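What follows is a group of structures, each given as structure tokens.
The two complexes that follow have chain A in common; it is paired with chain B in the first and with chain C in the second.
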Partner chain A sequence: MSAAAPSLTFLALCLPFLAALVAPALTRRMGHNAVWILALAPALAFIHFLGFLPAVADGGAITGGYAWVPSFRVSFSWLIDGLSLTFALLITGIGTLIVLYSGGYLKDDAHLGRFLSFMFMFMGAMLGLVVSDGFLMLFVFWELTSITSFLLIGFDHTREASRRAAIQALVVTGTGGLALLAGLIVIWNITGVTQLSELIGLGDVLRESPFYLMALVLVLGGAFTKSAQFPFHFWLPNAMEAPTPVSAYLHSATMVKAGIYLLMRLNPVLGDTAAWTTILPVFGGVTLLVGTFLAIRQTDLKQMLAYTTVSSLGLLVMLTGFGSDHAIAAAVLYLVAHSMFKGCLFMVAGLIDHGTGSRDITRLGGLRAAMPITFAAAMAAAFSMGGLPPFFGFLGKEEIYEALWHADTWSLAFVAVAVIGNGLMFVIGFAVAIKPFFGPVRETPLHAHEGPALMWIGPAVLALGGLVAALVSPVTHRFVSSPMASAVHGAPELVTISLIPHIGAPLLLSLITIVFAVAVYLGLDRARRFADRSLRAIGWGPDRGFDQFMSGLVRGSRRITGVMQPGRLDIYMGVTFVFIALALLVPMAVYDEWPARPVWPEDAAFHELTIMAIAFIGLLAVIYARDRLTAIVSLGIQGFAVALIFMLFGAPDLSFTQFMVETLSVVILALVMTRLRLTAADHRPTGQKLIDFSIALACGTGFMLYLLAVTQQPFRPYLSEFFEAYSKVIAHGGNIVNVIIVDFRGTDTLGEIAVVMITGLAILSLIRVRASRPDQPIVDNDPDSEPTPTGAWRKGRKLGEGA
Partner chain B sequence: MEALFALLVGALFTVSIYLFLSKHIIRILMGAAILGNAVNLLIFTAGRVTREVPPIIPPEFDVPQSVVANPLPQALILTAIVISFSFFAFLLVLGYRAYQDLETDDSDEMRVAEPVDDVPPPLGY
Partner chain C sequence: MRTVIFRTVAPYLTSLMVLFSIFVLLRGHNEPGGGFIGGLIAASAFAIYGIACGVAPVRRAIHFHPMAIAAFGLFLSGMAGVLSIFVSRSYMSGLWTSVHFFGNWIDLSTVLIFDIGVYLVVVGAITSIALALEERDRD
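And now, the complex of A and B:
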């Protein structure tokens, strides 16, 4: 490997992000033709990754990267083995075709530049995700794919259905991402490594840890939400609100496979335990059946394909869970085949939509002559999806049956699941490829016509790819299937299956599948009605559950806010002081640190006691005063008493300041309060007074005990001695208090002056600024309404006033 | 002597908090004024009390010639008095202006920021 290779790989990883940066400007200048240039970015990355094929086929792995946060051993580093490389090639290869397709599909859309920008951001995130070596990098890219998916699903943000689907996808996959983060941290804590490449050898440490199950469940939480496993599957069909290129790319070929990628990546370290080989096949199998059953019900091309994507993902999880040689080989083959045929079929659905204006399978027919290329691509993809030779899907399906066929009940149950699932997917695939193209020509909103070259290049290439990959299967296996299967298995593995069928159980199962599928296909309308009826009978689904959850969340938050913030100052104050009292008293009680019983000070002089008594009397008078003025004067009494105490105990500066401040306070208070027409006395009912006084007394007692405890500790005079010793020597001042304020702590005093100045300004503005009459109520920004031209609001207001 | 001070501090806190718990702005304001005294006296006492010897160095000496009062709490309190007075003035004007605009000094009736009949948040998307 040359020295330039690491930086080139880094550049290849950055290319999509660079394209995202220039896409809007380029689209503004060149219109939709900009995609020809922009598609170079993923194409170049594709070529770069192709160069790794020979090295990876020989069992090597390409690593590299840069330190990120070395103190936490977090790095930006990549690991490109068979698994990562296959994914990287799918992402960049299909990505190139999708970019071209988007140019045709959104040709006249004003926001094509923004769309392409989001698309490239996603591509970069997904590419980063599959080559990540560091845990944190993996997580960051994982969440980034969720966020870009949110942006793309909500692309048509003026429609509520889009917004709902986008939020739903973000909530489900984002929550799963957090579970994944927790899972990765648990794994990090168990093994002490932060890199996937170092983790691979530590499978036994992980499997024997008592925290294994916790790590597994958290990781599965991330993988199952991302890969739309039952019961988290509902977001994926809703995500079809996005433009078709997004459905083809994110929600069938790449992003939804991130969960599968994670499971495959962690199979060597987390796999091969009872939990793994039970949870994964069961969830996968249920998802497979639920997905196909829901797909039968649909008549919208994209919805049908979306539900079969759910079932395909279930099949992949199921196979990964089995973990045997054949199961992994089958998962690998099926994953590659699925990315190609499903991406192709989605683009076909987009072409039909684009060419006829309709996606409803019951309203389409006879398009074969008008859309020959689309028809050919659809048929090829359906053959692959149905698992018929000579397409790549055939290899996948044969390997699946080979893997599952064992003579025990557990295996046979899954064989049955696979046969039903495959059969129904066969039905959907051919329903999409046959129904719109054969039969009598139907009236459609648009006059049926073939799409532009930009739009059929993608499906045509993917359909051909499915054929070629199968025809040259030894080459495919050497460079793609075997290295990937080895990486998933954690040990070298050779995939050998070819197009030549060998007589055995798999072939028999294939035949059963096809017979079952043809039977269902012929009665498709009846099957659809049956599925529809039974789902109506159930009525409730996770999709509606999500709505209930979200509105419950809003209502619950409102209720909690209502309790926590009732909007009443006395309650806020009460709660605050109860907690202050508890904070003061509870620790003393718990640690038994009550102060010693104080002794009566023998040396207390009579005049000192008198002044203290005056302070107490002033306080009582404040509470019991019958009218405001008395209360204010009493307030002055206790203030002056405190000032006298300062005077007697060696603080003349404090005393003078306190006298001045107290005088001013009383005068201002009296001036202001006599201007108000206020009722005199305390209006609280006696019970409330009693409660309030108890709280106050608890706080006061707490502070008193606290102060007693403090003063009973030995005094440490270090700071005071420092100031006494250096006040004259260093700062040349005799009054130590003043020296501290203006010299030693001069900056603090500056801050104090600033505070005084700011409050002064605030007071000034409060006095000067008069509130106008209550303003017009703020009208919420309604996204569905037409944007208001500038000035229209004022005009409308004037009109309203006139009327 | 500190025990007596602690008792006075406790009384100041009790009265101030009792006033704070009232619903009337004017009583809360008086509570704020007393709270300032309570905290100042708390700091003063925590630095220990000494009688009648202010912390001043005579002109002809470099260090105090006898035990003097602790200068550190005094410096802290001097700052605190000024700041609490400016805040007291601010709160007073704020309460006065609130009364002018809302025509009440009952905190229960001041519901502009958190109205009783607040509209529930939208449930759609």
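And now, the complex of A and C:
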């Protein structure tokens, strides 16, 4: 590996983000043809990652990166082994095709630039996710894929269904992401490592930890939501509200496989325990069955494909859970095959939609002649999906049966699940590839025509890829399957399966699958009605549950807000001060830490006593003041007296600030008073006054006792000595207070001035809320100035509205 | 409040106070003072001017929206800390230099820039609150 390689990899990781930056401008200038240039970004990254193939095929793993927060051993670093390299190649390779496809699909969309920008952001996030070595980097990219997926699903944001689907996807996958973060932190705490490359070499450390189950459940929370496992599967079919390129790329080929990636990545350290080999196959198997069952019911091409994606993901989780050599090889083969045929089929669905204006399988037919390339691609993908030779899906399916076939009830149950699932996916695959293309020609909203080259390149390349990868299977295995399986297994593994079928149980199971599938296919309409009826009978599903959960959340927070924030200032103030008093007095009472009785200072000078007296008189004046303005000014007198005391005891900065704060408080309080138009005098009922009096007294006593207790402690001059010694030497400043504010604790100050700024904005908007009421226009307080024209304008508008 | 004396004196008083606030800001590192106190002085100066002569003249005089001044101050303070990164020191390390100016050596530093940012945030935030309050509802 040359010295330039690390930075080149970094560049390859940045390329999609750079493309996201320039996409809008380029699209504005060149229209949809900009995709020819933009597609270079993922293509170059693809070529870069191809360069790693020989090294990785020889069992190597490439790591590199930069320190991020070295004190926590957090880094921006990547790990490229068989697993992440295969994913990176799928992401960049399919990404290139999808970018081209998007150019054709959204040719006339005014927001194509924005769409491509989101798409590239997602690509960058997904690429970063699969090559991440650091835990935190993995999490950041993981969440970034959720966010970009949210943006893409909600791309057509004027439709309510899009917005709902987008929020649903974000809530489900985002919550899962938080679980993943917690899981990664637990793993970090157990093992003390922050890098995946170090983690996977650790062996049994995690499995033997008492916190293993906790880590496992949290990680599964992340993986299962992202990869749409039952019962979190509902967001994925809804995500089909997104434009078709998004469905093809995010929601079948790449993003939804992030959960699978995570499980495969952690298999060497988390896998092969009773919990792992039970939870994963069971959830995966249920997902497989539920997905295919729901898919049968659909008539919309994209919905059918979406539900089979759910079931394929279930199948992958199931296989990963088994964890045997063959199961892992099967998962690897099926994952690669699925990315290609499902991406292809989604693009075919988009082509049909684009060419005819309909996606409803019951209204399409006879498109074979009008759309020959689409038809060919669809057939090839369906062959792969159905697991027929000579396509790559065949290798995957044979290996699945090889892996599952053992003569015990546990295995046999899963064999049955796999046969049913595979059979139904076979049905859906061919339904998508045959129904629209054969039979009599149907009337469609648009006159049926083949899509432009931009749109058929993608499906054609993926369909061919599924064929070529199978024909040259020894090469595919050497460079892709075996390194990836080794990485998942944590030990070298050789995948050898070839296109030549060998007589045995797997072949028999394949035949059973095909017979079963053909039977269902012939009775597809009846099967659809049956599925529809039974789902109607159940009535409730997780999708509706999500709505109930969300509206419950809103209702609950509204109720809590109603209790916590009734909107009456006197209640807020009362509660706040009662709690301050309790916080001060209760600990002293509980721990019996009352201060000793203060001694009257014999040596108090006359002027000091005078100032104390002024402060005291100021307070009395506040209490006995007849109107509010007098009370406010009297409070100012007391504050000035305190400032003088600070001055006398050698704190000029503090005193200075106190003077200014007191002045401004008086000014602002007086202004607020005139503005709120409060009555001049205080007219609380006597009972209320007594309550307020006791709260004030308790608070004041609490502070007094607390300060007495603090000052009676021996003074520790450690900090003063430090700052006295160093403020001139290190920070070149004679005023210790200022040096602390702007230099030693500068970052604190930065936070504080940000708070000042935000408070200012908040107060300003509060004042404006009142001022912006149309019947109360704001004017300058200058009596000489003319009334502003805004008032007249507002009146005019009101008149206009009334007319 | 709006006596002739107050209205006549207010502009001079305000100018003097603003000048003094800058003086306090600049001496802050070695003598009592600093950005926070200076900002408070300037803010009260503008508040007084507003009470005496109305809000419009104050807004004209400071030209920018006070919140924009505060935002610029926050930006300035944040950036003052960034400068040290370019000389491979950690964020917020103070950088110092001396400039010869009319026969005197003047110490300049990123810390001073930071303090100016603090000053602007305080002036901007408090002035905008005070001015918004002084604009009362028309009766």
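In the analysis below, the second predicted complex is superposed on the first by the 583 of 803 C-alpha atoms of A that agree within 3 Å, B and C clash if a C-alpha of one lies under 4 Å from a C-alpha of the other, contacts with A are read in each partner's own complex, and residues count from 1 in each chain.
Note that in this section a contact is a pair of C-beta atoms (placed from the backbone, for glycine too) under 8 Å apart; a residue touches a chain by one contact, two chains touch by 3 or more.
Just so it is clear, the structure is predicted and the values come from calculations on it, not from any experiment.
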Based on the superposed arrangement, let me know which partner A:I668 touches: chain B (first), chain C (second), both, or neither?
both
Just to be sure I read the superposition right, which of the two partners does A:A604 touch: chain B = first, chain C = second, or both, or neither?
first
Please indicate which partner A:G700 is in contact with in the superposed arrangement: first for chain B, second for chain C, both, or neither.
first
Could you tell me if A:G760 is touching chain B, chain C, both of them or neither one (first, second, both, neither)?
both
Touching A:V710 in the superposition: chain B (first), chain C (second), both, neither?
first
After superposition on the shared chain, which partner residues are touched by A:S71: those of chain B (first), chain C (second), both, or neither?
neither
Superposed model, chain A: greater residue contact from chain B or chain C
B
A:V554 in the overlay: touching chain B, chain C, both, or neither? Say first, second, both or neither.
first
Once chain A of both complexes is superposed, is A:T686 in touch with chain B (first), chain C (second), both, or neither?
neither
Thinking of the overlay built on chain A, is A:G746 touched by chain B (first), by chain C (second), by both, or by neither?
second
Note: overlapping chain A surface for chain B and chain C spans 652-653, 657, 661, 664, 668, 672, 675, 734-735, 737, 741, 749, 756, 759-760, 763, 767, 771
In the complex formed with chain A, which residues of chain C make contact?
2, 24, 28-37, 40-41, 43-44, 47-48, 50-51, 53-56, 67, 70-71, 73-74, 77-78, 81, 91-92, 94, 96, 107, 109, 111, 114-115, 117-118, 121-122, 124-126, 128-130, 132-138
Contact set on chain B toward chain A in their complex
1-24, 26-30, 33-34, 37-38, 40-42, 44-59, 61-64, 68-72, 74-75, 77-79, 81-83, 85-90, 92-94, 96-97, 99, 101, 105, 107-108, 110-111, 113-116, 120-121, 123-125
Could you please specify the touching residues of chain A with respect to chain C in the complex?
652-653, 656-657, 660-661, 663-664, 667-668, 671-672, 674-675, 731-735, 737-739, 741-743, 746-747, 749-750, 753-754, 756-757, 759-761, 763-764, 767-768, 770-771, 776-785, 787, 791
For chain A, which residues are in contact with chain B within the complex?
160, 163-164, 167, 550-551, 554-555, 557-558, 565-570, 573-574, 577, 598-601, 603-604, 609, 612, 615-616, 619-620, 622-623, 628, 631-632, 635, 638-639, 642, 645-646, 648-654, 657-658, 661, 664-665, 668-669, 672-673, 675-676, 678, 682-684, 692-693, 695-697, 699-701, 703-705, 707-708, 710-711, 715, 717, 719-720, 723-725, 727-729, 734-737, 740-741, 745, 748-749, 752, 755-756, 759-760, 762-763, 766-767, 771
